[in-house]
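Chain IDs A, B, C and D follow the sequence of writing; residue 1 opens each chain.
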């Protein structure tokens, strides 16, 4: 029974584990799981600790803060159901996988709504009892469309926005609005085949593996911190369309694996990289 | 620069990480890497810590022992080149891989000698400057043969004995003599296809994957604690002999991966299972 | 545009490909894809050919039969939507994956109905517009229960019966009724961990990989011809329940991969083995 | 017992398999294995056939040529030991793997010599009885150095030149001299991380997989037809140097897998892509 997950990000120095576990021990908290990492590039220390027991969060936050050097960040997270809004376009495989997991409560999370720039997926989503909003882009400026989408998202106050094959390019303003809270699935093993038509690019290059990458979205398309990647073998007999079909299963599995890590608070960011505990 | 690796195996209770890191902090040792695990079946706590700094090992051992509950084990390991004796028979792929890594000092270890029940591999081994001993079994009882092999092994006082496709069954006495120090590679994804001719068994069953398993050897054949496993896909076009050929690459990679973990003191034993940090 | 898929299974002898392609050429059929295999154990020749063009199936069947030695089998399959009945119990992951693929017509197949010995999955299945039948086993003999299930199945006249984690043991009579038409997913890399509780068995043995196996069902439990297998790595930190959760994704992907091969008529049987073209 | 391997590359049209197998049947040759592929982009037909039996190669060549449309290529290859020259620099893992396979005659091929721009690997190579030539580049122009290397290569008249981590950029003239006969291993999953320091690039990008690519060399660095690729997972705890170490095993396995395909005449080229039968 995990009561808290504690995420520490601070300058590295001797004795950090001792000082942190000292606070926890004094509060009679039991450590269930613990992982640390020092980023050699930035000399910062990262720690994720699952504890069980009873403690006042504010006091714990204060005591841990006092035990750590300046420029430290401490997050104390209590287990609660997280809220997701999913954006999709026409393709159903990633969305379908998320919807099934949602329906059967596989994760401690709730898909509050699905928003799409098409109405194709509405029937499926509403059949499973999840609100669906089509925000068609026709006749709208990019900014107006995005604004309408953001208004809808904000109405649900989600923890994370999941791009389940959402085929619209996002503006920096949108990305900033949900900073480090947007998870995207890109249909290539990044950094190979950035941008549009990665399977066509893969076919043209004659690669023997194709893949998918789940990542946080930042301002530069397909360049945010990578969470998960996986690949499958392909061969000469598969054209771009065959690869796209075969790739769907990798895409959906990589996205759901990434989302699981996000929802379990296992990811910390160090610059443009993820630390996954 | 890691100075010590500390392995702790003790009954689980609250405050263990705090108490251990307290000792290290007081001795001004810096924790470079740290991993813990509680075995829910036995309620024992396992921890592996890499530290840098200067300390008297005996004092450290004593202080850590004093900080831990009864029934605890503390091992303090200083980095040093480990000694290996390799046993082989006729097949060259695992031995060849180990010999190349040894020649180019890929690991902090030295193959002191290769012992075989055949003389086939002698030319290769001696070309690379490693002593080779053929102990032919013809006309010898199993016990006498094994005794001769053990005498040779003991002359090198190795840390570990590696069975690189050594096709002789070992007696309990031999296994006991090198308790938890014999690493074997079995050519199947155990527990499938225990015993002889696993590729023939795999072919007959029509499996779509074949694999290899590296494990410590205990008294029951192929039943010791598993260190590493891996598989590769096969299809109907491969007969037992094709599978055996294809499997060689998996076998050698699994054995060398396991050996690397052993040599880096990353493995702790909990009953018949390995904990790998 | 594939018009026919031709499956040939006959005694091996010289000139078979020539004779078969001669027939096709004379009928002005174009070969799109072609695969052959000779089973060295039985000395039988297997061939799968996709052709495009127009031909009278009966004449083609007759001409191919005449071109081949005695004891030959020729199947000419025209592309059509296949019918499936899915059996499930409580677990949703395999069924969910199949239902999503079905909803979006990913395959040229239709799930006519889902039958379960529980009513747990009814809400999900009916929401997606597929008939659901709960045949509760309470108070029924095994034979009566199975008979009721078979009656329901037969009402849909399916091409294949898919066991998507159906946790009932089938009688030889049931298996015989749908000979080579039942596909099961077993939650281990067979032949390891036959029978019940494979994840518990895997945990107890301390394996470093877990997996799943899709196979045709014959009279001996978990011993039918294997279609697909895959594995994922596990480590000491995962208990039997963690493994079961992690294994779900492998199970569902292996089952759907197997089913795709079945639906595309890519599988031929040679004794207890599958030949997959 | 395969007597010939026949490689056909011709414009696609109806009846090709029939016409080719007709020739073989008339010559009383038995087809052991057969694979075909039509490249949809170029509308060319590729076929690889292994046959057993006795036939005059010239007559067979003539008859197959007569059976095929204009612009066709037919290669009849009799099994014989192929000759390799390996180029290396400082790293030993790929070379070591090839040398062991060579020593134990795993392939029907012979490493005639190893040529390096350093003398580091000489001791290892000569111990195993293979001629080693150090062509140090100091004080030599690129052209002169390459000329000296090419002279040495030509003295052995090899079928293929293998770049086993040869860290020199080749001139177009050199590449042209051994057109489609140079196999290189690049330490990334191309097209990601072209050029120097791919592991550093991979680390900086924060990828979760690293890989290796074996390819034929053409004029543009790292852009030749890809033969094999594979990847392994990495995580945040591995820096660029750790990735480089972990990548070595993938590199050597990918190179040797590619070389096996090359030596078994399983590769045909279609533009900048490989067809692998």
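Please note the rule applied: contacts are C-beta pairs under 8 Å (C-beta built on N, C-alpha and C of every residue); 3 or more make two chains touch, one makes a residue touch a chain.
Quick caveat: nothing in here was measured; it's all calculated off a predicted structure.
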| item | value |
| --- | --- |
| Interface with more contacting C-beta pairs, comparing C-D to A-D | A-D |
| Rotational angle, Cα trace of chain B fitted to chain C, multiple of 5° | 180 |
| Distance from chain D to chain A - Cα centre to Cα centre, in angstrom | 40 |
| Cα-centroid distance, chain C relative to chain D, in whole angstrom | 38 |
| Multi-chain contact residues (two or more partners), chain D | none |
| Arrangement of touching chains [line / ring / star / complete / other] | complete |
| Residues on chain A engaged by chain D in the complex (per definition of touch) | 37, 39-40, 189-193, 205-209, 211, 225-231, 235-237, 239, 270, 272-276 |
| Residues of chain C touching chain D in the complex | 14-15, 17-18, 21-22, 24-25, 28, 30-36, 38 |
| Of chain B, residues touching chain D in the complex | 92-93, 96-97, 99-101, 103-104, 106, 124, 127-129, 249, 253, 256-257 |
